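What follows is a pair of complexes built around chain A, which joins chain B in one and chain C in the other.
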Partner chain A sequence: MREILSRLLATGGRLRSAVSRDESDGDQLATDGGATVKTTRRDSLRNSLPVEWELIESAPFWLPPVLFAGFFVYGAIAWNFLLSLTDYSGLGGAQYENLDFSMYTRMLNDGAFWQAAQNTVVLLVVFTVLCLALGLFVAILIDQQIRFENTFRTIYLLPMSLSFVVTATMWAWVYNARNGVLNQFFRLFNLEGAIVGLLRPAGVNAEVIQWLSWNTTALAAVIFALIWQFSGYAMVVFLAGLRAIPTEHYEAARVDGASTVRMYARVIIPQLRASAVSASVVLMVFALKAFDFIYALRGSQPGSNMDILATMMYRVAFDSTQWAYGSAVAIVLFALALLVIGPYLYSEYRRGEL
Partner chain B sequence: MTDDNSNKRLTRRNALRIAGAAGAASLAGCGGSDGGDGSSGDGSSGDGSDGSSGDGSSGDESTDSGTQYSTLEVAHWWGEGDGLEAIQSVMDAFKEQHPDVPFDENLIAGGAGDNLQANIRTRVQNGNHPSTWQAWPGNNLLPFTDANLLKDIGDSVWSENSMEDAYLQGVKDAAQPAGNYVTVPLNIHRINNLFYNVEVVEDAGVDPISLETPSDLVDALSTVNDAGYTGMAHQTGSPWSSFQMFATVLLGETDAETYSAIFVDGEVDANSDALESAVETTQSYLDYIPSDAGSISWTEANNQVINGEAAFLHQGDWAAGTYITNDLTYGEEWDHVTFPGTDGYYALNMDSFPYPVNNPSPEATTLWCQFVGTTEAQEIFNPKKGSIPPRTDVNTDPFNDFSKDQIEDFQNSDAQPPSVAHGLAAPPAVKSSLESAISSLNSGASAADVVSQISNAY
Partner chain C sequence: MSISDGNFIDKLRSTENSRIGLYALLLAGIVFYLFPVETAVMTMFKTESAFARTLPFAPPGADGFTLDALATAWNTLRPGLVNSLLMAIPATIMSALLGSLTAYGLTTISWRGQVGVVVLIIAGIFIPYQAVLVPLSQFWFRVLPGLLEGFINTVFGLITGGNWQYPSRNGYVQLLQLSVTHAAYGIPICTLLFRSYYQSISDEMIEAARLDGASAFSIYRNIILPLSLPMFAVTLIYQFTQVYNDLLFALVLVNEPGSQVATQRLAALTGGVVQSFNTTMAGAIVAALPTLLVYIVFGEQFAKGVAGE
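Our next item is the complex of A and B:
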């Protein structure tokens, strides 16, 4: 951001110097000394403007994007917030006369909302932490100057290039209770009975593991599948961070007699802060958008086990046509996303990187 | 100097902030006013003033250009198999009768109608909906009638072809969600069926005909299970199958009045005992379903009945088509009984074609709706679809033996309760919340918990 601005500024400055050079050339031709007077007057005009001159000069560059983003992003968010204050539902139009927070109070009394919010937070935290941990581990392994490094990197990153719809279908097969790969694997080692005994929720009478149906395993199964898909991304970000660390740091740690674990824990990993922060922000936003995966798996009625705010918002707005309530859920989701991104943006701002 | 500057003027950053905020605010204002416009437009169409203008345009059309019809756009979700073939035959017959009506078939398949319904909701709000579309009648249409989006076709359609006399009361009720006729049912599927594999139940020593109550079926499933078969072919991946099963169990344990009181009128708390009992019975069935019910479709589950691995299937009578296409003989290899406890009831699931106001082709749509209500169209559609005609005076010769039995059951039925899982009994918002409750039922929530969710849905 800052870089773009400074570049814009430099361009503006160059343009201005080009223009003023022309002017001064003209002045030099006309009279002696007149040019200086004119320039001073112009400068005073510029000085009297409430904003910096560069800002006005660079307007063609920054104004259109601001207007477009303002209209299509922030305008839409503002309208959505306005909708959430109405009682809009059904197929008529929204009435904007009586604006109140009734949709939000209704949300507070809605068990489904709390269940979805809880699932969303659990998904967000567990998915991000495990994804970062796994990504870091794999990145460190790949950083050991192994053979076929590029091949491995590609293999780990490939799942991310697949659509959620594809991976959801695939994982539905993997988790199939009767002939899914996962249960077959456990059956191979005669572990199925033990796992059923361990995980089976009360009141359920089954002899095989129903990963996507049991309330003990459904959310975990979704999180596991998402980690499979996105740990490759964390790996790539960490790998780039690792590559930026000079070899001298490793050598110095070795010379000082640090063990491998100690070297990573004390010297290398602390230097990956920037990678970890940027990767976790992206992953958390992905987690908030896990809608596609769950929708492809279960449709708009995923059940309370794996209902997240995004699926609830879709169901309430587009299945039940309770537009105002759906908007209110969407605003909560938006606030969650801001909570994730806000601190990141602020810290970057404080560090002068924005 | 620089300090001076920053004190006197806004810094670049602050200016950007202000400009951005101002831009966003002004644009939000635009957005808001757009919304206002949209709402006023929709509102006026809701008032019916636009509706009358729509009729006005129909008048223009007839006076100006005589028999010049506008294009008739018919949207439906029968994307494959029986349904597609059936509706296309009906469309062909219509085109033959009315060659001067420009016809536009709009197929939006997928999601068991969800895709079409979402599409219609959007198009209706934008005011560019099709001439008519496939829709479940009954309370499913309440959002449309609440917004005055459907026209009363009592005179223009229902008075023709002696339709009023030929339809049974339950069906006519479903065609008038707000008290007047707005839609024309084309076909009826029954929900309270119990299909079974004859060989399997005989081997297990169960007599389906002797089952009298829904809880008798639990014992039968247990017996079948002990004999080494899957009791009930079923899917729990999406809630609708358990939803219709639960509704049928409730109908079997109570009666049509209680059923309607609960699902149509929302008298949940007064009937919580009956509901809890139905939840528990349904959950006992779920002990005998395929172990992978959570990740298969109902057709995959039904394959177990076809292959002789499972005994029973509760499903709408569209399931009959799967046995027939697999060359199984009705009465010998597969058979059907009315779901235990629901004798005399024909739980309705229907498809219909409503008549929207602001119709892009008013006269052609009237012709189409009239045609859908004729014995001719229903005789073409229903044998192919595996459903039965809503009219009671349709020639039964083209139907297979199973459908003939169903038609007989229908015509002798005491009551035709509307299906709640397929939109007839409850408006979409309620239905969606009920489905969430059924999701909890599927995952083993306590009966009291499920019933309180059902109560919150209304």
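Our next item is the complex of A and C:
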């Protein structure tokens, strides 16, 4: 089998080399206008093909993987949209006859949907902004020609190598009301009572802070843990951006007598726009995917104070087998993701960065 | 820029004291990023009474030390670890290899309109997987089995007697389905990683090889592939971590208890009614071990993968 393959490939190589030799002959013949001769010959050869030769030549490399991934990504999204138009639920197969938008109208009248949508947007915005801010700050600290730079960077990025399930397990312990490290810390400074008084929701009777179940703190607790996990990512992206700024810019600002804070605010940080944009796109997408974290923390019924569209979709579809309704929620989630990445990809395309 | 400027980063830069301030902040960063891991490690060696009595970040002490929690967690998670590796390693290799081939076809060989394909691939990195979950379960548990059963029972009907059934409930089949799924969804990010790398390779060598009559395949095999080896390290490290860490696809595609992956088993351990934090912390550390080891050994490559370089 292998021999046949290699022989086939060798034949291909010979055919191609015949063509190329022809071209190189052209090169040798021409003295000044060599390039022109070359392109005309190549053009005449390839113009006889219905599409570019390079397209045909490269297709065996990219087409099979693109079809494979495309089936799972875009095929599945299209299928998901179709499913969202049905009334499919329960254990049987889907019926594709009566397609309508009834699942979407049902969603608009569903309080749980609006609550989850609101939590999703809050999570998305607050998490992304704070992650960027912390990541930028840490990146600037690391960029001060410090010793053991690699060690610091490695440690700051470590949470990102962990699974959401692992970090959720650890944070469940950190936030534990009775013995968790956070409450123990506040107890150490006799602050627990004050915080309970400040954050305890109306009608709740508790002496300890229940970070994960109080309406006032549950989403914030999730956001904080996610910032812990992903600010290292923002740091890496900003650090690369900082390193790309020529040192002359720092020196010029210094010669002008700008203070360090002013130098960063006026000269350096504005140049990190591209880093900030690409980091925030990735972070927002992570926020949309925070399902694993919340599921590991609270299961598929995290309660309305922590429910996001991703958890709601899973619960509706896979716990309650309301497949069509789950698909409709998923389409909203997909549309949110498109809102984030669409403009980004478009601007990258316009700038020729793709 | 004297100390009297009164702004603290200035101080950080200019004097000895400020360097100390800088390092104090950096050390505070270490405390911030490591304390949940540290409390987990301390707690997993504690007895039930010790983790309620001692501070979470303090060592267990002689009377509160036990390896029971670790043993329980290890026994619960071990089958999951094996399944995770069985599933993640082939998926990672597939994604990296196909990503490299795709990037080669879409970067080193250039043709009009390829940017359209590139846009579709990059967008594929960012889609929320919820948007494919229901079709995914439909495909693996309903459509594919139906098609295969129909095909095999028609073509080999004499052998199967027309009642061959797709082994949907076989644990290894479920792991294979999960692995193939991860391989497919890993292609976009792997393609992006290889593509940005291939864009930086100089064209001269490839042009020279072309003029010598090398085929597209032999250019890939003899020039691009050897040059890609560092990038394969980055991609394999990054993608392995992503696949191993995932829970969502496993929840949907693996329902045989024997073939659950590590993250599923840990989630079950954490979500249990009785919260024995020493056991759950031990579980978290055990489940994190493969990616932690990879990260500690190949931190540089992981950082590159994260930064999309």
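A few remarks follow.
Heads up, the rule we're going with is that the second predicted complex is superposed on the first by the 289 of 354 C-alpha atoms of A that agree within 3 Å, B and C clash if a C-alpha of one lies under 4 Å from a C-alpha of the other, contacts with A are read in each partner's own complex, and residues count from 1 in each chain.
By our rule, a contact is a pair of C-beta atoms (placed from the backbone, for glycine too) under 8 Å apart; a residue touches a chain by one contact, two chains touch by 3 or more.
Everything numeric in this text was worked out from a predicted model, so none of it was measured.
Chain A has more of its residues touched by C than by the other of chain B and chain C. Once chain A of one complex is fitted onto chain A of the other, the partner contacts of A:P270 are absent, as it touches neither chain B nor chain C. By the document's definition of touching, neither partner reaches A:G197: not chain B, not chain C. Residue contacts after overlaying the shared chain place A:V208 against chain B, while chain C stays out of touching range.
In the superposed model, A:L67 lies in contact with chain B only, and not with chain C. Once the two complexes are laid over each other on the shared chain, residue contacts for A:S320 go to chain B alone; chain C is not touched. In the superposition on chain A, A:G299 contacts both chain B and chain C. Contact with chain C, but none with chain B, is seen for A:L345 once the two complexes are overlaid on the shared chain.
After overlaying the two complexes on the shared chain, residue contacts for A:P246 are found with neither chain B nor chain C.
Of the two partner chains, chain B is the only one touched by A:L91; chain C is not. Residues 52, 54-55, 62-63, 66, 70-71, 74-76, 79, 83, 93-94, 172-173, 176, 178-180, 299, 318 of chain A lie at the contact with chain B in one complex and at the contact with chain C in the other.
Contact residues of chain C toward chain A in the complex are 1, 5, 7, 9-10, 12-13, 22-23, 25-26, 29-30, 32-37, 39-40, 43, 51-52, 55-57, 98-99, 101-106, 109-115, 117-124, 126-139, 142, 181, 184-185, 187-188, 191, 210-218, 220, 241, 244-248, 251-252, 263, 266-267, 269-271, 275, 277, 280-281, 283-284, 287-288, 291-292, 294-295, 299-300, 302-303, 306-309. Those residues of chain A lying in contact with chain C across their complex are 9, 12-14, 16-21, 23-24, 52, 54-55, 57-66, 68-77, 79-80, 83, 93-94, 138, 140-142, 144, 146, 150, 152-174, 176, 178-181, 184, 228, 232-233, 236-237, 240, 254, 259-261, 264, 278, 281, 285, 288-289, 291-292, 295-297, 299, 309-310, 313-314, 317-318, 323, 326-327, 329-331, 333-334, 336-337, 340-341, 345, 349, 354. Against chain A, in their complex, chain B makes its touches with residues 5, 9-12, 15-16, 19-20, 23-25, 27-28, 30-32, 34-36, 38-43, 46, 111, 114, 118, 121, 124-125, 143-144, 146-147, 149, 236-239, 287, 290-296, 428-429, 432-433, 435-436, 439-440, 442-446, 453, 456. Those residues of chain A that touch chain B in the shared complex are 5, 49-52, 54-55, 62-63, 66-67, 70-71, 74-76, 78-79, 82-83, 89-96, 111-112, 172-173, 175-180, 201-208, 210, 212-215, 218, 298-305, 307, 315-316, 318-322.
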